[in-house]
Amino acid sequence: MNTAPSVAEVRALIVKHKRWDLAFAVIGTLALMVGILTFVALFADMLIDGMPRLNYDFLTSFPSRRPEQAGILSAWVGSTLVMLVTAVAAVPLGVAAAIYLEEYAPKNWVTEIIEVNVTNLAGVPSIVYGLLALGLFVYQFGLGQSILAAGLTLALLILPVVIVATREAIRSIPSAIREGAYALGATRWQMVSQHILPYSIPGILTGVIIGMARAIGETAPVITIGALTFIAFLPPTPISGAFPFLSFEWLTAPFTVMPIQMFNWTSRPEAAFQANAAAAGLVLLVMTLSMNALAIYLRYKLRKNIQW
Amino acid sequence: MVATPIVEVTSAANPQQSKVLKAEVVDLNFHYGSVQALKGINMPLYEKHVTALIGPSGCGKSTLLRCFNRMHDLYPGNRYEGRIKLHPDDTNLLDPKVDPIEVRMRISMVFQKPNPFPKSIYENVAYGLRVRGVSKRSVLDDKVEEALSGAALWGEVKDRLRDLAFNLSGGQQQRLCIARALATDPEILLFDEPTSALDPIATASIEELIGDLKNKITILIVTHNMQQAARVSDFTAYMYIGELVEFDATDTIFIKPKNKQTEDYITGRFG
Amino acid sequence: MTSTVAGIPAIATVPPIVSHRLARRHTRHIKERIIEFFLFLAAASSVFTTFAIVYILVSESWVFFQQVPLRDFLFDTQWTPLFSDAHYGIMVLLSGTLVSSSVALLVAIPLGTIIAIYLSEFAPFTVREVAKPFLELLGGVPTIIYGYFALLFVTPLLQKIFPELPGFNLLSAGMVMGIMIIPYVSSISEDAMRAVPMNLREGSYAMGATRFQTALRVVTPAALSGIAAAYILGISRAVGETMILAVAAGMQPNLTWNPMEPAATVTAYIVQVALGDLPHGSIGYQTIFAAGLALMLITLFFNILGHLLRKYYRQAY
Amino acid sequence: DALVKVDGSSTVYPITEAVAEEFQKAKKGAVKVTVGISGSGGGFKKFCRGETDISDASRPILEKEMKACAEAGIKYVELPVAFDALTVVINPKNTWVKELKVEELKKMWEPGAQGKIMTWNQVNPAWPNAPLKLFGPGADSGTFDYFTDAINGKEKASRGDFTASEDDNVLVQGVSRDVNALGYFGMAYYAENKDKLKAAAIVNKGSSKAVLPSLETVMAGTYQPLARPIFIYVSEKAMQRAEVREFVEFYLKNAPKLVKEVGYVPLSQAHYSQALKNFTSKKLGTGFGGTPEVGVKVEDLLAREAKL
Amino acid sequence: MVATPIVEVTSAANPQQSKVLKAEVVDLNFHYGSVQALKGINMPLYEKHVTALIGPSGCGKSTLLRCFNRMHDLYPGNRYEGRIKLHPDDTNLLDPKVDPIEVRMRISMVFQKPNPFPKSIYENVAYGLRVRGVSKRSVLDDKVEEALSGAALWGEVKDRLRDLAFNLSGGQQQRLCIARALATDPEILLFDEPTSALDPIATASIEELIGDLKNKITILIVTHNMQQAARVSDFTAYMYIGELVEFDATDTIFIKPKNKQTEDYITGRFG
């Protein structure tokens, strides 16, 4: 039996099917627009509310009870330093964990537990990390209510994201590269450090950025461990005039961060503070954006050299 | 169903002058988890000669080749039984007490698909030396030039050593991988279908290269191309479903194989 | 060893002799072992973190459960631990979490998946490369901003459609949360789809399939395990989200399955109490640990389920 | 470095922030002051661990916290610094509420009302048969405790089916958008949103006159029972440091002006003088004995026997 | 350098009875971006005969095959010039106005690596029909059985049609892909090295299958295995670096090729 349809029938069928293609292309574009337009709307709204407050003084002043004099100097410096600690702690730890899981771990129940664990940590409410850190970092390890404690707390918070992204990046490296390195007599660590690590940097960067974008906006855990709201001085500078020129005193300094400033302002009665909050939100977003932009650029640069 | 493996070279008409044993596969079984891929393989490997492994797809050629540099150690669940003795020091390559890294430092491998690292041409060739702790610039420079010349690539790339290896053509990439292997002065060089992804011109240049190399190194090559086996090898082993059916001087295998199945395969009546 | 005895340097072109290599092997082995151990520690740190969290939650809940019977905790239909007439029915908060997360996922999963399919199978190269990072920014907007967006923009909009909708409700909070989660779903799903080997697509096109048919019937099922991972991360984010709900959902402990009502969620409750005026150590304060523990056990359950599902669906190409 | 650490209630925060700002200015930066907002509970926790010098509190110290302080050997002086007048607000379009009696409020808010009193006319037959929508702060807050105590006669005794938020601006939004809404929160939020909200006059039990919340009525003590004092607690150990002493003295001396500026109601000049006297004479302990109460007169409180 | 392409079948000793033209490649050039992969190809395709494409790696065999079902349309930057005329309706397959989906509905393809969909065996075979809008259960059931029988797989899988296709062995998967292609009653069936990843037994069964199929369908097959070409095809085309060097009846090509280069290649002296 030959049920092959005639050419005319086939054509009619194709026209029908292609309608779905078109419909989906439209639906897809719309879905994309929902996301992008929401972002644009949020950004525009903040821009309208916060733009008048965005000036040099806003960036270089300390908090004040007078909305027009209040600024975010201590907040953005604090956020920057906390993010620095977070990155320095989360990236090596997350990357090392991912490397272990992808390149070293035997396929057994221990590994499986670790894997479930990592995804599970992604769902723990951030405030619980704050409570954990208060007990562990602040009191147990005696780090106090410092930039160091806050950075480490946020590092724990974003660890799952870094681990997952890094694992995906490592997985995309073809096994031919691994075999090539081993075949030349490389040890496992040589293979990992000279190949796996450099080639997965773009993917790692993506994970770090997504994680950092989340960390920079967190308030509750940072307040729990003791971030301040009014602080009219900056932490000691990391570069000192005398030998050894580097100082780590800032790690133990009291601090505040951007989102705390923002939350405080949004909850104040005066309308002028709401404008400050919008302006701070804008600055926060720009900080996140520039982190993202840097990473996207780096990723783009590095990816050009690595293709499979 | 399959004839007993023939291990000794029975052909008196061996075209080569001297035949020194470089390595010897003894009663080798290999298992991928529960799948047995090699069954009681016995085979010699002669120094400074080319030995070809032929046989239908899936017969275990790659599996056997990869036993020589313990590549199977990289994946869990794989199991060796038997020995591969490396002469003159009589080490059993498969001994769990023998460090696979040591084995790989002595035995290099070139893969079916060229797999250069996403680094510069220079760094690709120097990689094996760096792994061995060599970092002196002058030594590296010399070795890189020597290896690239050995792989017939020096002329084409000497002005662009800092270029990314990915920018080379497929054939050049494969020669780069050969240079990378050569740079470490291996005792044995393993080739797994090195030309199957290459065009005829690149193929010809690599075959020529193998001809040159065998004056210095012992070579084991897997190929699915009978013509290639005939052209480049001194000895040929025919495998079928995990067993070694026949091993002999290449001329013997191609002109009057002992085994009916070998003959059928070589003349294309089967497989 | 031999070559060094008389201090005669080895000849460069001759490869170092075997025993020499064996001497280096020992230190190499130890070094590798140490590195592996440190990497293991890093991986195990996640387990350690979990243990620490569980330890804190359990030890603090311990006090709580000595005063509140487990039965009340599980089956009471009111959650008023801070009122003089205290009830401790965790179901109330869990229902809020469940409903808001469901709404969020009803937004994020279809939109995220459609976007992923669109970017991976339909969109031209430039659109894809530009849209993806842009979309990823949605995950970086401070959540308080989303909260006010839900309260001041989405809710009034929804009230035009449903005039009965109260000013605080799970619906608008959930929807906005869903938009925030879109990049989690779309980015990771899209990666998974792009990792589907081209030969499967070719197989489908060779049968005369259209783009849409190929995307829906071949690419999506083939990427299922990666898509599942994306969904799980999205769900985790939804369950753990706080500020949007605290601002826009009404913080009213309300045992309801109706998204059109206001309700409180576990996370919003925890934050509220942790930063409130309650004396620490009081039974009211202790509730946050019991609530946190309940939430953690539930997410753990879903994660194990997801893990098993993915294991079942994982396919090798 | 001379550093004064303050932490605690977000209700007291704006006042302390204003004082800290002015104090630092007056001291030309020789003394640094930090202020956090981890809530009255979180503040006392740190205070009783000896981590902070001063604790902001929107409610008196409670028994549990007194015990914790006693165990750690922390002694303190209790100083009322301002009034927070709880304002009952309704939608400006609400035409039926002219004044509210405490009994009416109780009818709306008592625990028994939950699920039963759902319309306005159930409270007062003269009011329309419209749904009653209630808004208030979360049950964890000092405001909630005080309101329930003052209206329902028992602390924390309240119906549970109302919309709660920690952020009073959210409550402002809620009430301003619903004709049938009624809510309560601090007076400052009403003062800043007079265009969107209407304050209800509360009938004073003594005089039977309806009184609107204002600076004058609160200071005169006629706006009752919804005006409550808010406090700072100063650690005795910290008082040994000159900068802390100076800061507290500065606080009490400048409070009348600064409290008004940030939207709260100052105590009378006499109260501040008495408070200062208590402070300098180190009158240790709390006048409440660990249980909050409603309607205490500040002068009584300051004169009371204090207990640690 | 290369001889002018020979398009007409000159051999009088054609073993087949009737020779009806099914398709015709006319002056075909193909470009991958700036790389020209096919140069002026002219070649006939006879109905209900098997035509084999042979030639060294990289010569353009796959490229030519994939022109027949417009597979190159999937990737940006590819460019066709010339025509492939499909008889009897004389459509030019490469015409941009001709919908590639229509072409693919008439011409099916089996790939080098088996690529079953992540679905059940049944759904894999039914896929082409579903794509064509068939959803009636009884029709699907009949067609699936017919196609699986046609691909010599029905006996092995009839009790496990709901199983995932991945659970089949490599050879079975390849036959499944053939069944999938057969189920849509294509006019031409394209095979791209269908047995290169298979073991000898699976290879034999697929070659047998091709022998059966040619009674019903026109077949074009790419193979790197000369023996296979000799066994299964009626006509053979020898290609070299993008050009068609010689086209003739298979017997002629293998016994006395006109072109020296073809002869060298077939006898293994080159490539």
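Some points to look at:
As written, the chains take the letters A, B, C, D and E, and residue 1 is the first residue of each chain.
Just so we're on the same page, a contact is a pair of C-beta atoms (placed from the backbone, for glycine too) under 8 Å apart; a residue touches a chain by one contact, two chains touch by 3 or more.
For clarity, every value in this text was computed on a predicted model and none was experimentally measured.
Under the touch definition stated at the top, chain C and chain D share these contacting partners: A. No other pair of chains has as many C-beta pairs in contact as A-C. The geometric centre of chain A is 47 Å away from that of chain B, both derived from CA atoms. Chain A and chain D have centres, each the mean of its CA atoms, that are 38 Å apart. As a whole-number value, the distance joining the C-alpha centres of chain A and chain C reads 14 Å. Looking at chain B, one finds that residues 101-102, 105 touch two or more other chains. Annotation for chain A: residues touching 2 or more other chains are 14, 17-18, 187, 223-224, 266.
Multi-chain contact residues of chain D (touching two or more other chains): 10, 37-38, 42, 166-167.
Contact residues on chain E toward chain C in their complex (touch as defined above): 69, 71, 74, 76, 101-102, 104-105, 108-109, 111, 113, 115-119, 127-128, 130-132, 166, 177, 180-181, 184. Contacts from chain D toward chain A in the complex involve residues 5, 7, 10, 13-14, 16-18, 20-21, 24, 29, 32-38, 42, 46, 51, 166-169, 186, 188-189, 191-193, 258, 261-263. Against chain E, the residues of chain C that register as touching in their complex are 125, 197, 199-210, 213, 217-218, 221-222, 224, 315-316.
Residues 106-107, 174, 176-187, 190, 194-195, 199, 305-307 of chain A are the ones touching chain B in the complex.
Listing the residues of chain D that touch chain C in their complex gives 9-10, 37-42, 44-45, 57-59, 62, 64-65, 68, 111, 133, 138-142, 144-145, 148, 154-158, 160-167, 170, 173-174, 177-178.
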